[in-house]
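Going in written order, the chains are labelled A, B, C and D, and every chain counts its residues from 1.
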Amino acid sequence: MIAGPLVDATFWVFALGSIVAGYRVFRTDSMVRAAFYLLASFAGVGGIVVLLGAEFLGMVLILMMAGEMLIMAIVMVMFMMNPAGLNPMVMVHQNRRAAVAGIVAFVALAAVGLLGNFPARPVPDPSTATAELGTELLGDSMLVFQSAGVALLSTMIGAVVIAGRKGRFGVAEEDSIEPSLQPDEEPGR
Amino acid sequence: MVALGPLAVSFAVFVAGFAVVLASWWLGGRPRSPAQTAPERVPFGGGADPRVHAWNRYHVRYYSMALIFLAFDMEMVFMYPWAVVFVREGLIAMVEMGMFITILLLGVLYAWRERALEWA
Amino acid sequence: MRPYVGAEVALLATAAALVAGVYLVAVLDRFAAALVAGAVGSWRRLLVVPLAAAAALLVQQRRTTERPDGAGWAVAPALFFGLAAFALALVPLGPDLVIADPSTGFVAFSAAIAFVMIAVFLHGWSPNSPFALHGAYRYGAAALSFQIPFLLAMLATALPAESLSIVDIVRAQEPAWNVLRQPLGLPLYLVVGVGVSFWGPLNLSDASDVAGGTSVEDSGVARLLWTIARSAMLVAVAAMGAAGFLGGWWGPILPGPAWMIAKTGAVLLAILAAGHLLARVRIATFVLVAWAVLIPLALLNVFVSGAILL
Amino acid sequence: MGLTALLARVATGAPVPVFAVAGPGTRSLIRDLRLRPEIRLVDTPRPASVLLVGGLVPAEMEMAVARVHDAMAHPRATVLWSAGAAGLGRPEGFDDAIPVDGDPVAACVAAYRDILVGRRGSEPPILPDVDPAPWRGVGPYGQGGSGMTGGVPYGRPMAELGPDPDGLRLDVLPVAVGPLFPRFPAGLVVDARLAGDLVLEVEVANLLANATAAAPSPEADPFLRALGERVAIADLELARARAHLRSVAEALLAAGLEALALRALRIAANLRAGDGALVRRLATIISATQVLRWSLRGVGAVPPEAVAGLGAGPVARASGLREDLRLEDPAYRDLGFAPLVDAGGDAAARLRLRLGEAVQSLDLAARAGARAATATGRVETPRGRLEAESSASERLFTVLPSLLREHEWGDVVATIVSLDLDLEEGPLARGRARPEAAA
């Protein structure tokens, strides 16, 4: 177990940083800023995971989030009105429900953290932890690993089918009829 | 620091580099900064006056590729632990990762055939 | 616990390496350009002009635009430079001469490379300027395409080392450098490394057809810091290339660190010279080539080097 | 204070960052300044310290020059270069600018040193400090209107939705680029509607169309003379090779190969009839890596029917047309001249053809002896057919939008660069035909 005042201080910096960044996600008008605040929040969580002794998982979390949040920023800017927040706006909706959901989730997770009965096993050395993960993937969890591959494949195909427009057989919406926005109206109007 | 080890040291290097550059940015912006007039702040367009703000709902033409990236990036997570135990596990690691990668490459092949990687 | 040094030594050592490296990049780049242009001026000029140009930017006003994202504009070079320093701190000069060698050093390095995307995108987004925005999105396309080949090219070096630690990766190259064992690795790595620091043929985001792209609105200290951060990242990428593929500190006669520095310099010179000889690629072509050629090649590289190991 | 002064003194040793504006007639003179190590031509005015204005800027471009001037960071200075012609006007507002007749580089260096050490004050902005649109205090947050995308926040409206060939209705950004965009010929304004990085619709404007060129460019000179008199073929062909090399240099610059561009410019600056080997060597370096060919292949494809009869010179010949006025000239026939033709039709083909023609021209120049071209009132310049009333580049203007539509911005720039438009050729020819108009 790693411990010490500096570790504690680092933990608090990461934890509070994550919370503040997470809060800022909803208080900014710019989609890019929102996405990158979220990235900062995730990076802080990744740092905490590293502090917990799961060095590989923490670093991978941080590594993955960079690409993911960039894509999120790009897509949000692409489709949101006023993407840069040039006109002031409010990013939060359904405040009461959101607040209740947030509090319930926090209490539930905190309860699990505080009341749960965790095994008192020593944290393995980070380098052996990665190796153990690899052995696990290739051994007992082989099926999980391979089905993850199939899941990712279907993700890719799904993404291409839904998002792609031009394909081998011509433009996707060729001969398609636009649905009407009014009820009881013929499509294609 | 001692307890955290190498990652903490490299993180400290990151923080220091970040802070130094941020401070230089701030300090370096101070000299010779009379208030900038409106025409002085116009973004460069080769001498033309922009009609609208540059920030817009930017039509990213590589969105399909970005989505495929998301899936492929996930695959990398599995490859790191695999690489570490590859020599130890030998042929079985080779075969299993070969299967996994083949499945994913099918996705890329499909995207390529459907021209999802091409610019619109 | 893996080797690392105290924080104060780490900061000093990285700072020294970065200062020397950034200056080296400036001088070597001018030298390579002069060679290609066919007129090498005086050595004195070659050595002094980068310093004078830096001073010129320091006394220049820092300009802003109509409605920029001020914080983003300031954070982008800081993030980029911090990442470069972080990445460079992971590269060992010798078996015991390393600033920090985490057991997941390789993942940490990759994470730094992934965050470069954020820094460059932010840099182009922030000024609210059409050309800068264009550069930012171009980098997005390029970076999302070369991330995977980059990770794969580097991953192959972890196979013989049986570890994600960079010191282990270099140590495992004692019998033969990876450039010999994985002949595809270094070229792939160089392609994507050039892309990360958007130099030469892959300088898509700060290109001349968008009048400087993400840095079109930069003047004064902003431009200087961005240039420094970019050069620093190039140094980090070159150093990692030397460590991961050219055997790091291994080499006859000379001491290990000397080899490491010489190899880093050689990789730098190769990248910089290529920048003056190879034209910038088209972004659309590059994306297609990255997915349809580089990724399969990188996977082939992984499996072939794996098969050789067994 | 001491530190700033020290830095400023060190900075005087740096190449002067210059943003250059090429007025009519100074195009190749300004381009050749790139060879001078004392200055550095920059792509954007932001980091520039000296604005160099060559020749007489037409009234249509004065506003753009003022905008670029104001975009430069302090400390800044302006140098107005007469480029060999006497008695040039001063664009409005440039009262502090430094006029110079001789070497502009020396003037830039001196001006830079003076503003750095404080001998000369940094120039104040030229345009009045007025928001592009009144907006403060309008709308609930002062954004100049109401609604999420309404109003003119910070003085400008936001881009609006528009149709796209992709089927997605996203913002279409109306952007005018030019007339001082460094990769375009001075005076060209590309008014594009961008959806992402794709140019949907485009209009082009030529701000030099009505310019009166006071200083004839040395490159255009033999061709201008050939409009009315017999000029030695050796002179014409040397000038042609030089122009082609400068055009190749521009293409290399646009491809990010500044060092190779310098090499091409240096060959052009000292060109002699026997330099064919140098040009061939340059062509070898360019084609050895193949990357430039890859990145230009298929870019800016010009179908032969689009330019047939326009007299578009190398552009037409790169699209497979055997159009060349030199074919009609007995003096050229005597030399055994046959035009080079390339079927590619794209930017890569035009680059290849220009390099080939440069070598061919040097060979012709070496063999021409005392032969002179026949004066017919029309001449084949490096850009194509030049007449007293119109130039090839001006005629190409009509087809330009169709070549740029629905292409990525980088391809648009590469296309325009590969066409090697020269907007000053027309005004120069007209000025020569009607000297009273130019005066």
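Couple of notes before you dig in:
Following the convention adopted for this analysis, a residue touches a chain if its C-beta (ideal position, glycine included) is under 8 Å from a C-beta of that chain, and two chains touch if they have at least 3 such contacts.
No experiment lies behind these values; they were computed from the predicted model shown.
The interface holding more C-beta pairs in contact, when A-D is weighed against A-C, is A-C. The mean-CA centres of subunit A and subunit D are about 48 angstrom from one another, to the nearest whole unit.
Note on chain placement: the centre of subunit A and the centre of subunit C lie 28 Å apart, centres being C-alpha means.
Chain geometry summary: the mean Cα position of subunit B and that of subunit D are 35 Å apart. If each chain is reduced to the centroid of its CA atoms, subunit A and subunit B end up 15 Å from each other.
In subunit B, the residues that reach two or more other chains under the touch definition are 1, 7, 11, 31-33, 38, 40, 42, 44-46, 50, 53-60, 66, 68-69, 72-73, 80, 83-86, 88, 93, 108, 111, 118-120. Touching two or more other chains at once are residues 55-56, 59-60, 64, 67, 71, 74, 78-79, 81, 84, 86, 130-131, 165 of subunit A.
Residue positions of subunit C touching 2 or more other chains, listed in rising order: 2, 58-63, 66-67, 102-104, 107-108, 125, 128, 130, 137, 140, 144, 147, 162-164, 211, 216-217, 220, 283-284. Taken as a graph of touching chains, this assembly is fully connected, with contact between every pair of chains. Residues 1-7, 10-11, 14, 18, 58-67, 74-75, 77-79, 81-86, 89-90, 99-108, 125, 127-133, 137, 140-141, 144-145, 147-148, 151-152, 155, 158-160, 162-164, 211, 216-217, 220-222, 224-225, 228-229, 283-284, 287-288, 291-292, 295-296, 299, 302-303, 306-307, 309-310 of subunit C touch subunit B in their complex. Across the complex, subunit C is touched by residues 30, 32-33, 36, 39, 55-56, 59-60, 62-64, 66-67, 69-71, 73-74, 84, 86, 125-127, 130-131 of subunit A.
Interface residues of subunit C facing subunit D in the complex, by the touch rule stated above, are 32-39, 41, 45, 48-49, 51-53, 55-63, 66-67, 130, 134, 137-138, 200-201, 203-204, 207-212, 216-220, 223, 275-285.
Remark: subunit D residues 139, 141, 143, 147-151, 153-154, 158, 166-167, 170 touch subunit A in the complex. By the touch criterion given at the top, residues 4, 7-8, 10-15, 17, 37, 43-44, 46-47, 49, 71-75, 116, 153-156, 173, 175, 181-183, 194, 196-197, 252-260, 262-263, 266, 285, 289, 291-292, 294-296, 299, 408-411, 413-414 of subunit D touch subunit C in their complex.
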